[in-house]
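Both of the next two complexes hold subunit A, though its partner changes from subunit B to subunit C.
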Partner chain A sequence: MSSLLFATPKELTGWLAKLASGYRVLAPRQEGPSVVYRPQTAEQLASADIDALLRRATASPKQAMLPQCETLVTFKSVKDAEDPSKLTTTLENPCQAEPTVLFGCRPCDARGFVVLDRPYLEGKFKDPYYGARREATVIVTQACPSAFASCFCNWVGSHPSDKEGSDILFTAVEGGFVLEVVTDKGQALVEGAGFADAADKVADVEAAHAAAAASLAPAPELTHVMEKVASRFTDTEFWEKETVKCLSCGACTYLCPTCQCFTITDEGSQLDGRRLRSWDSCMTPLFTLETSGHNPRPSKADRMRNRVSHKFSFYPERYDGFFSCVGCGRCVVSCPVSLDIRHMVKAAVEGSSLTFDDAAPAESPAVEAVPAPEAPAVAEPAPEAVAEPEQAAAPKAQKPAPKAAPRASSKSKAKKR
Partner chain B sequence: MSEHNCGCSKNPYLPEVATVLEVITESPTIKSFRVRFDNEEAWNSFTYQPGQVGQLSVFGVGESTFVINTPPSCKDYIQFSVMRAGEVTSAIHKLQPGDKVGVRAPLGNYFPYEQWKGKNIVFVGGGIGMAPIRTIMLHVMEHAPEYGKLSLLYGARSPEDMAYKADLPGWLESDVLHTTLTIDREAPNWPHRVGMIPNVLKELAPSPDNTIAVLCGPPIMIKFTLAAFRELGFKDENIITTLERRMKCGIGICGRCNLGGKYVCLDGPVFSQAQLNELPPEM
Partner chain C sequence: MSVLAGKELRIVGFLCNWCSYGGADTAGTARAVQPTDLRIIRVPCSGRVNPLFVLKALINGADGVLVSGCHPRDCHYSAGNYYARRRLELLKEFLPVIGINPDRFEYTWVSASEGQRWKDVVTNFTNRIHALGPAPRWEDVPARYDRPEELIESIRPLGCGAHPALPELKQAIKDALAAGLEGVLGWKQGFDAIHAEPVFMTTPEEVDSLIWGPFNVHNLAVYLPQYKGRKIGVVVKGCDSKGVVELLAENLISREDVKIFGMGCNGTVNVSRILAKLPEGATIESCVGRGNKIVVTAAGQDYEMSMAEIAQDKCRLCTKPNAVLSDVFVGTPTIEPAAPADGRLPALRFLDSLSLEERMGYWKGQMERCIACHACRGACPMCVCRDYCVSDTRDPAWVTQEDTVQQKLFFQLIHAQHLAGRCTGCAECERACPMDIPVFALKQQFGRMIQKIFSYGAGLDVNATPPLLTYQVEEPTIKEHDLA
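And then the complex of A and B:
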């Protein structure tokens, strides 16, 4: 590990409060039953309870780069003095980004931005709105102290202290936090913060990371998941069974850190109006409904098949085997009918089909909504959720190189190393 | 707000403001719109390939995707043919010459005409599906000596549903194009064929030897015409079509026009049947 710094809770909140004078600081805050990322003032941050800032947010932080609704273009038209039926139209592009610190992301959340970068920034066309915010944002991530029952980052080539996508990764240790500077952007942020050197705390950090990795249920055998999910495409019965309960509400997509879909709509008139981009959801029937009335995905089974296939087959096929799922488990936690993408992926791979009676109930959303410090994983009903002792003994074996071999995160491979 | 490097100058969401030069009523439900960018510099540097699409918008109503159906040699305007069906297309149908629209183009891929040199080409257009056929057919006709025999089979429900009436006499009399027109049911004073496109195609029975089939039209027509071409011995890699999907961004990001891992707006709309065979069957 390079550049390690130590901060007490008071020093950490003091640092954030100072940053708030030059940056928009987004940090988790309790609002009603949910924890959400909100801009916080220097005063709020200076007096913040550190535990409140460390809670995992109910919704992903993707709105930091992709607001739920934003203006793409504004238009104004002026009538011709000679012929009022003729208009002169001018367009304005409000593309701007504020310097931002995104504090308290989890590694899965930070990795979500890496997933979004590919379609938004690395294709033939670049999205300037997303790009500007991405450029202007420094991501300060908290290594997970322990896993929730819904967590499955180890299924998709990640782990609770993954640095990918983060500019700074901090880990809770006795008496405070150890900050690991990952990028130059992160370095600039800690410049002059006055944090002490933490080279002597390497062992504490490694122990914390190992404990977090051990708290995760082992990942199932997912070799060839891409091909296996793809080969399920024509198995209509499978997808119908898996989606019997689905309400097509789209909660899974709105909370997901990697769901990229949006719609574009106009508001106002040609004289004075704007073109908006808003989050959209592939789980709703209108998403693909064509003007003619034809719909390539008319049933909820078609739509769930697309969603799961996109994350585990279409996206990895397009982008070097990298999954478009970071295993944060928000879709599992917040699904009103307890659908679980893990069950679908596992069933697709293992060749079995689950009826909805077989699907174990997910933890209640209320578990994560109460304003208490993060609890360790509650008992997972599925038998594989019980952490095996050998994992705790060799936590490093659980960290595959995410880009090179995202599918190498299987239990068997981890054990062999 | 600070300075940033977002590449706003190449903002793919920012349309060019264009003026409607001419509106042509093609059929009771189809109108063609000839438009040109207001910004001369943008217009002069604008190029596209046959088969590429554009997002045409009425400000305050919204955008929709249409193929540019002029050949790229046309430097005075680009033409979109629009069937009135929903909110945006209804607003487009109300446009008059002089009105302002937004255009984001060119988007998507194009017909691989470079690979067709020296080959015969059979164009088949059904209804509004004639629009993409028009751009590639006119382009190929301009370079006719480089290709083999060219033929067109164009079908519509009735004589009045047939678009491009101004083009038809020229196509029927052309030395480089053999044109067959057909309508679904008998109509008074109709001198051409009567019958569904797949049936007429089987009667015409073009040889598959050294021949490319290019077909566009509604899904049901594509389905049966594809079967007819296969019956005639055409190989799937020589059958080319264009796909329709609901689109928003047009640049492969908004996520709705995917067919498996391919985005119709970015990787399409032009696909060979052989390529489609490799994709999930979700039409």
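And then the complex of A and C:
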């Protein structure tokens, strides 16, 4: 491990309070039953209850880099006094990135930014708005103390103490926190903080990480996810069955740390207005509605196919096999009808009719092979509660799932950066 | 809208073409001296005035809004102003809940010949608005994040044990499937023991997965319109059945297409309340209900909680625990309590205790965290426009894409306004909200005002006409507001 520092809860909040003078500090705050990231002042941070700052946020911290709505450009046109057909248009680009500390996000959230970086920063056209915020933000991540029932970061090649995407990763140990500096940006942030060295706490940190990993339900053995999900593209019956209960509300996409789609609209008048970029959701019909009135994805089954395929097939195809799902489980836990993406992916893969020769090196990311968890069954005696563990959702027409083959070289690209 | 700073205020007037606009003209022709604050928008009829016009103006900074039409019995279209009177009276009663002074809005009647009367109306209304001063701006109001934590006492015994009649219900559904029903909507266990999920049961095995108990929170009536024309069944709690009745009343589904299965409901839980009692992230191993207590086993430990602590608020005040309409009702009906003295849910009680400005602050604090996902709309059984919601259109642009409190709240006002007289009070909008915003309070405000003015409750009678779709020439419960 790189440099390790120890901070007591008081030192940690004191440090954040001090940072608030030079940075916008975004930290979780309880509002009603939900927890949201809010800019907090030095006074708020100095007196903050540390447990409140460590809560997992209801919505992902995506908006730190990709706000729900941002002004891309403001425009104003003035008519020439002599010749009103002549317009002088001035454009202003209000792109401003405040220096920001994003405190308390989870490893999955931090990894979400890595997922967003690829479409926004890679290739020929870089997004300057996203890029400026990304540049100006230091991410201080909390290693998860334990997993939620909805967590599945281990399905997508991560774990509860993953450092990917973080500048600093801190872990709760007896009496305080051990901060591990991951990047230079993180190093600059702890410079002069006066934290003690924590080289002697390595064992505690490792024990905490191991305990968190153990609290996560084992991931099922799923191979060739990318191809198998892709092969479902024309299987309308499968998606219809999976989305019977979907309400098409789009909460899943807005809560997701990696959903990246937006819409652009002009507000104001033609002569004086703002061009806005705001979140959009592929779960709504408007997303694909064309001017002619034709909608290429008219049903919720089509739209769900897009969402799941984007995360588990299109994106990995485009970006070296990385999934664009980080397994935070927000879409599962906050879905009004408890629709479970894990269930859909598992059903899509297990019921797939594709077969692969797994002795050859796998070309697609393989998910860690561990025995599938039993859905938590409900104890006696309430007969209504003894529900069937959820499984067997593969459409009847499909062939039975191919027996899980030994995972030869399935670390594959998913682990490669 | 430019105003003479320091002299004028922003007042918007919606005037009917045939009477009031003519009246204003008459006043002008007669050289009547009038204040100049009013900005007039001519509409064909006062019945054309969508209450959302008024709300949009007020939310976006108008200091006052005046609607004026033909006198009753004198409408150019016979009855437009009768409908307007009902809608606008209801709107006036609604406004305080979002912190807008109802005096900032008025509706009245002026005929084309009444130039003098128009002058008096506009003078008196402008003077009233000047006395109130500029409307408080959302930007300036301090946001407040406090909300009521009190639990209201239940008016009926709540339970979460096994329902003895469940096997009988399953058998009835299996029989109906065998007799040709395409499928039946019900609930099964979700991803853990404290979450249920809707299921469309088509096989006997799927029927075996049906559960009935405190986790059956979803109102399955929401799915019915999409099955229109197909013979299906639906399992309902009392509150859900009201949604089915309202859909039938509005002719959005047909009675012969839907078979309703009911059982007595003993209340459902607010899952957030259970989670709040467990350590964060604790994995739920099992959950057992007995009597009025459930025991949740999480992370190796047992947590006992009573329904008094975890029940949904709406269940505590529910007077219709049994299906109000059903084809198959299984088991003994639950006792139906008399209507409570105070039917307000905690959020509305809390709002009532605040000043107008504090209420604005309350909504500001709540709506700030709205992510505009519109799960409230998705979960609402009465939101039947589905893919064609008026808030999604760009023309007319009811809401912009901006993420301001005004825009997000205005979406909620569209929802509430479109549910006035139709909302059956299932509160699914609030349960579905991933950010736990108490949006149901807006619908409940409309609901209680409809009860007060029209003595009407939605979802109880298939043959009832909703109060906003009808009128009386003399409205005994509406006191006319004379501005002249």
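In this section, the second predicted complex is superposed on the first by the 350 of 417 C-alpha atoms of A that agree within 3 Å, B and C clash if a C-alpha of one lies under 4 Å from a C-alpha of the other, contacts with A are read in each partner's own complex, and residues count from 1 in each chain.
Here, contacts are C-beta pairs under 8 Å (C-beta built on N, C-alpha and C of every residue); 3 or more make two chains touch, one makes a residue touch a chain.
Remember, it's a predicted structure, so these values are computed and weren't measured experimentally.
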| item | value |
| --- | --- |
| First (subunit B), second (subunit C), both or neither touched by A:192 | neither |
| Touching partner for A:77 - first (subunit B), second (subunit C), both, neither | first |
| Contacts of A:248 with subunit B and subunit C, given as first, second, both or neither | second |
| Partner chain in contact with A:315 - subunit B first, subunit C second, else both or neither | first |
| Partner chain(s) touched by A:119 [first = subunit B, second = subunit C, both, neither] | first |
| Subunit B versus subunit C as contact partner of A:98, first or second or both or neither | first |
| Doubly contacted subunit A residues - partners subunit C and subunit B | 263, 265, 267 |
| Touching residues (chain side subunit C, partner subunit A) in the complex | 145, 147, 161-163, 166-167, 188-193, 195-200, 208-213, 218, 222-223, 272, 276, 280-290, 297, 299, 365-366, 369, 371-375, 377-379, 386-387, 392, 394, 400-403, 428, 431-432, 434-438 |
| Partner subunit B, residues of subunit A touching it in the complex | 72-73, 75, 77, 85-91, 93, 95-99, 119-120, 123-129, 131-132, 135-136, 230, 233-234, 260-271, 273, 275, 277, 280, 282, 287-292, 294, 296-297, 302, 306, 309-310, 313-315, 317-318 |
| Residue ranges of subunit A in contact with subunit C within the complex | 31-34, 36, 55-56, 58-59, 67-69, 144-151, 215, 217, 244-245, 247-251, 253-255, 263, 265, 267, 276, 278-279, 281, 284-286, 330, 332, 334, 336-340, 342-343, 375-385, 387-388, 390 |
| Subunit B residues within the subunit A interface of the complex | 1-2, 4-8, 10-15, 17, 57-64, 85-86, 89, 96, 98-100, 102, 218-219, 244-246, 248-249, 251-256, 258-261, 266, 280-283 |
